[in-house]
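Shared between the two complexes below is subunit A, which has subunit B as its partner in the first and subunit C in the second.
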Partner chain A sequence: MSETRADRGRGAAVQTTGHAWDGDLQEFNNPLPRWWVWAFYATVLFAVVYWLFYPAWPVGEGYTKGPLNSITFEADGKTWTTHWNTRARLMRELKESPAAVRQRQYLEKVAAAGYDEILADPDMKGFAWSMAKGLFGDNCAPCHGSDGKGRIGLFPNLADDAWLWGGTVEDIETSIREGRRGFMPAFGEALGEAQLDDVAAFVLSLSGHEVDPAQAARGARIFRGDAGGCHYCHGMDGTGLKSQGAANLTDRIWTVAKVPASPSLEGKLEAVKRVVREGIRREMPAWKGRLDPVQIKLLTVYVHELGGGQ
Partner chain B sequence: MTGGSEPPLYAGRVPIHPRSVRGRFRRLKTGILVLAYGVYFLLPWLRWDRPAGPDQAVLFDLPGRRFYVFGLVVHPEDIFWLAGLLVIAALLLFFVTALAGRVWCGYFCFQTLWTDVYQLIERWVQGDRSARLRLEARSWDAEKLRKKGLTHLLWLAVAFATGLTFTLYWADAPQLVRDFLVGAAPFPAYATTLFLTATTYVFAGIAREQVCTYMCPYARFQGVMFDRDTLIVAYDRARGEGPKGRHRPVRGLRTRAERQAAGHGDCIDCGYCVQVCPTGIDIRDGLQYQCITCALCIDACDTIMDRLGWPRGLIRYTSESALAGSRTRILRPKVLGYGAALMVAVALLVWSVAARAPLELAVIQQRQPLYVTLSDGRIQNGYEVKLINKTGQALELVVRLAAPPGAELDLGRIRTVRLAPERMVRVIARVRQRPERAARRVRFRVEERAGRVPAVEREAPFFVPGTGG
Partner chain C sequence: MFRHEQIEINAGLLIALTLVVISVGGLVEIVPLFKIGSTVEEVAEVRPYTPLELRGRDIYQREGCFYCHSQMIRPFRDEWLRYGHYSLAAESQYDHPFLWGSKRTGPDLARVGGKYSNAWHVQHLIDPRSVVPESIMPAYPWLMERELDYADVARRMAALRKAGVPYSLTEEEYRRNVERWGRAIADMLDIRRAEEALLRQAEAGNYDGDRRHLTEMDALVAYLQVLGTMVDFKKYGEAYFVQFR
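Let's look at the complex of A and B:
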């Protein structure tokens, strides 16, 4: 530190703190500028004002809350007034911030638009995609998975292009709004073990698997005749009837039989047999009471875009 | 403190009443001051014709997430340019300081410029140094009250103009001023104006040299960049003092010949250099940390030397090496190093700004699901294609796949993407390939229908199950 003008004026020897390091390194002992002291008093004053305006001192069971220190926000249809805190501010911003207003405007636009309009407009589709991602995670992901791929045997895959109940936006919206009940009777008692083998072979042959042709021919007769009656729902060609939610057996997608998981033909046959023997009984709940129409609309667009709606 | 050897703990500020001076450095400083004030106060009012966006030449639009600087629009993702600018500013400070000392402090610093203006007001209302000293000593009467009051009123007016102008860079200037005056401006505008009015008034009017001496960190760390060859404002002790020290020009010591014969130097101890100093030091005591190298003492001393008919330069820009009789080395490793780093930083920033893409494309592969097997056995990957239009016109964009040839791109029902100026859109895309001949990377290509901007391409990974990637 340098000397001050006051020192120079006196012509006196410079005052040091009295210590010396490394032989000759010394420290001047200059007075502080007086305004530093004022700045210190100012911080004290600030603290007092702070106490008055913000929660500060514990008093008995409570604390001094300070005036002008409450915040009001709306949540769950009610109005809450509480001490100021960041969570309450967040709740308020979710309703009142410019971003929330912009989101509402988008929601109104999407609510007023038809599916054709939404799907052809990158802007609205992008919004629906972002917004519905959260809705899907909250409501659909527990069964269908956060990626929408579902689980073979339990929950259909929504990310591929195979649709049990139809893949148009109207079909998807109906599925979400009204729910679906998937049912296939158990054929274990109606068909014997040999006939189950035959049917399974025929079913696998539909999707191009190499099976015993004689066995498949026997299976075809059961499938297309009254013995099995499979064609009532799956159709003569095995492509499935949308009205029944029956699976298309000619493609590579398996929603119930764990065919892709088995490397051997025996395993695949056994997987199909098991479904035919035990049947299917599964249900998706209706969401109309739980989600509002706009939310269902957003989810419809999301599911449609997940893998390839029709 | 009365008696004893204990120094006082605190010392009050000794008021400084700098005397006015004319000269080349004063003229240079006034020129810089006029230029800086002109730019600062007028820039927000400059209009700029843009195809889209506000018509203000320089506007930092925080809610809109855009910085408009003349023809350049800075988007949030370009914010590293700001880092580049700060690096350049720091390197420039190092470079200039190593070369020429505290040039920033003496000529360009806001504190120096605003203090200068405040002193100008003070001088205009109260008169020069001697008049101000007399006014200071006078008891509080109507005259003193009027002069002091007017000074502080004008100071506050300048402070308010300074604070308000700062806020104009962050919103539409004419609109904000109207809103401000009728009480309809946003709270931050009032808070910022109030804060800057207060700091300007206190720092330039009252604290002045205390800011440089006790508050400013740059003032202190610039000392580290000094060496014996750095340009400083210095008093030529050898010439000024002579063997027997300085002396007033009393009878018998009026000419240089008489003085040299008597062993006295050229300094006539008139004290003009001390009176003009805005930080209140005596430059003849050597290099001091309070000195902001404003060079007004050079003007003062030159005035005296001219009047005496003696050569100028008793106080001058020089270096410690030169004062000691050796040469000042300008091209030192330090200067060259700072200079090289500065050139690289400037070149990188200029290149980055010049090479910015008018159309930005980012392709993000969906991770959930990573892939889907389709009913015909093909593998499908999902992508979010982010498009940002950085031009001033609406673009009609077509998204397609440039590679591989066998892959299919599905955009749903979207044929073309119409993108308004300065907007961003996210397009959901799906790519399908046969697993046995699937390429592990796909290349997206975005073209403008009318070819107004060059096409952009971006690669993205394609996940095929069973291949580990």
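Let's look at the complex of A and C:
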């Protein structure tokens, strides 16, 4: 870009920067296009206007706060007016943005309603479902899976009809609010290998598997007697005590023992034995500090509808 | 009369003046940060990391977790709804360097502490897809295999103390920490007993679920579990934090 179009046409003397090196070495001066220069002045003007409306220049130990601008928000039950800043804007948005206002109408309705009212009202139920789906994805899915089906051995399935701690809305709400600790002692030392074989056979017989009857009978005595003491948590019939979060062993639904993964009976027995030998220690975090009561209520409805809530 | 040519033909002058011009930009950005005191919120409960958490933080840096995870919840409604309260300046006042990050391939981690169980973190770090099938996070199985090297933890704390982090090296500093955070925490922040404190926390927390070994996993999970948990937001009104902007 050493010459302009006009110069080329006329071969006229062009403007130079004025210095000459080595006697005759000169440098052309091509002025900036006019539109560019005006755009530059416009940005300067924009900056000055910006300084008047937004926090900008540090001065001493403070800064200019944008004297021509302010923001009013509600917090802690009072109304505050302050210079424009993103925190105040967030507080205002949480109260006044159109999405927040529309959501709040529903949230207030859900907060005031009982569970049976919510479940009976398609409008509220629909809202709870879509709002809780997002909450579930952010908070629960990493453990229970985005479909709520969990993973055997790690995290329970919430989308089936089997519940460890109960499937009523009250039970589910308590599970979410307070968290749960699933605990079963390790029996590897208390019971020998032979007794583990027996008790595993009995456990599988409870859910209708074809096992050696003599072995299952020996296992039943361990299960129902003090040798194993399994009945203290799982009950004499093996259906599980809700107060202990103990699994129902009579259905074919497994939450810890990887029974379904093994096609052979030996594999299934081994899966049960491993759980009894090693014990279980699982933790569901408490959500009361992280989610507010309405969010927990929405999630309760969601989980209740996801599985066969009772 | 001043002519631009005088600068152009004098290399020394050109360099000197270039430096002056560039430093104006830098100084205008940096100096106010030292002078404006009002932007760091006054929240008493933010404390430096314990020795175990500090080692976890080092591993977090070594593994480059910050390339995919930010630790900075911005004051926007969507982030508020997803991650919780926006991050405070005070919450990273003892971070050297900051791990705010700038890219979110994975979620923000500024408030991940307490969100999941230790067991989940261990499982997720060893094999992310075993718990989150759709995850694209790399696996870090060696964290569970490598013993934690904590031989130099006291020296690391001493270095941070020089940068202004209130780890205690003298009885006087220790007493000040007791006043600020209570004895249990002050004990954790004492450089003279750093190794002891590290072992005590690892033993009590059993973060990786394996009591026989003190692994890098213990330290990293201890660090993740403290992120964003120090400030009790219920104690403060929301307008309180707005006044620091």
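Criterion: the second predicted complex is superposed on the first by the 210 of 310 C-alpha atoms of A that agree within 3 Å, B and C clash if a C-alpha of one lies under 4 Å from a C-alpha of the other, contacts with A are read in each partner's own complex, and residues count from 1 in each chain.
Rule of thumb we're sticking to: a contact is a pair of C-beta atoms (placed from the backbone, for glycine too) under 8 Å apart; a residue touches a chain by one contact, two chains touch by 3 or more.
In this text, all values refer to a predicted model and were calculated from it rather than measured experimentally.
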Quick check on the superposed pair: does A:263 touch subunit B, subunit C, both, or neither? Answer first, second, both or neither. neither
Name the contact category of A:282: first (subunit B only), second (subunit C only), both, or neither. second
After superposition on the shared chain, which partner residues are touched by A:67: those of subunit B (first), subunit C (second), both, or neither? neither
Which of subunit B and subunit C A:23 touches, first, second, both or neither: neither
Which partner does A:90 contact after superposing on A: first (subunit B), second (subunit C), both, neither? second
Overlap of subunit B and subunit C contacts on subunit A, residues 146
Contact residues on subunit A for subunit B in the complex? 2, 4-6, 8, 15, 29-37, 98, 116, 119-123, 125-126, 129-130, 146-149, 157, 159-162, 248, 251-253, 260, 304-309
Subunit A partner, complex, touching residues on subunit C are 5, 8, 28, 31-32, 35-38, 74-77, 80, 82, 84, 86, 114-120, 123-124, 130-134, 237-239, 241-245
Using the touch definition up top, name the residues of subunit B that touch subunit A in the complex. 5, 7-14, 63, 207, 210, 214, 280-282, 285, 288-290, 368-370, 372-377, 380, 382, 410, 412-415, 417, 425-428, 430
Residues of subunit A that touch subunit C when the two form their complex: 19, 55, 58, 60-63, 73, 75-76, 78, 80, 82, 85-91, 93-94, 97, 99-100, 138-139, 141-143, 145-146, 151, 154-155, 281-285, 289-290
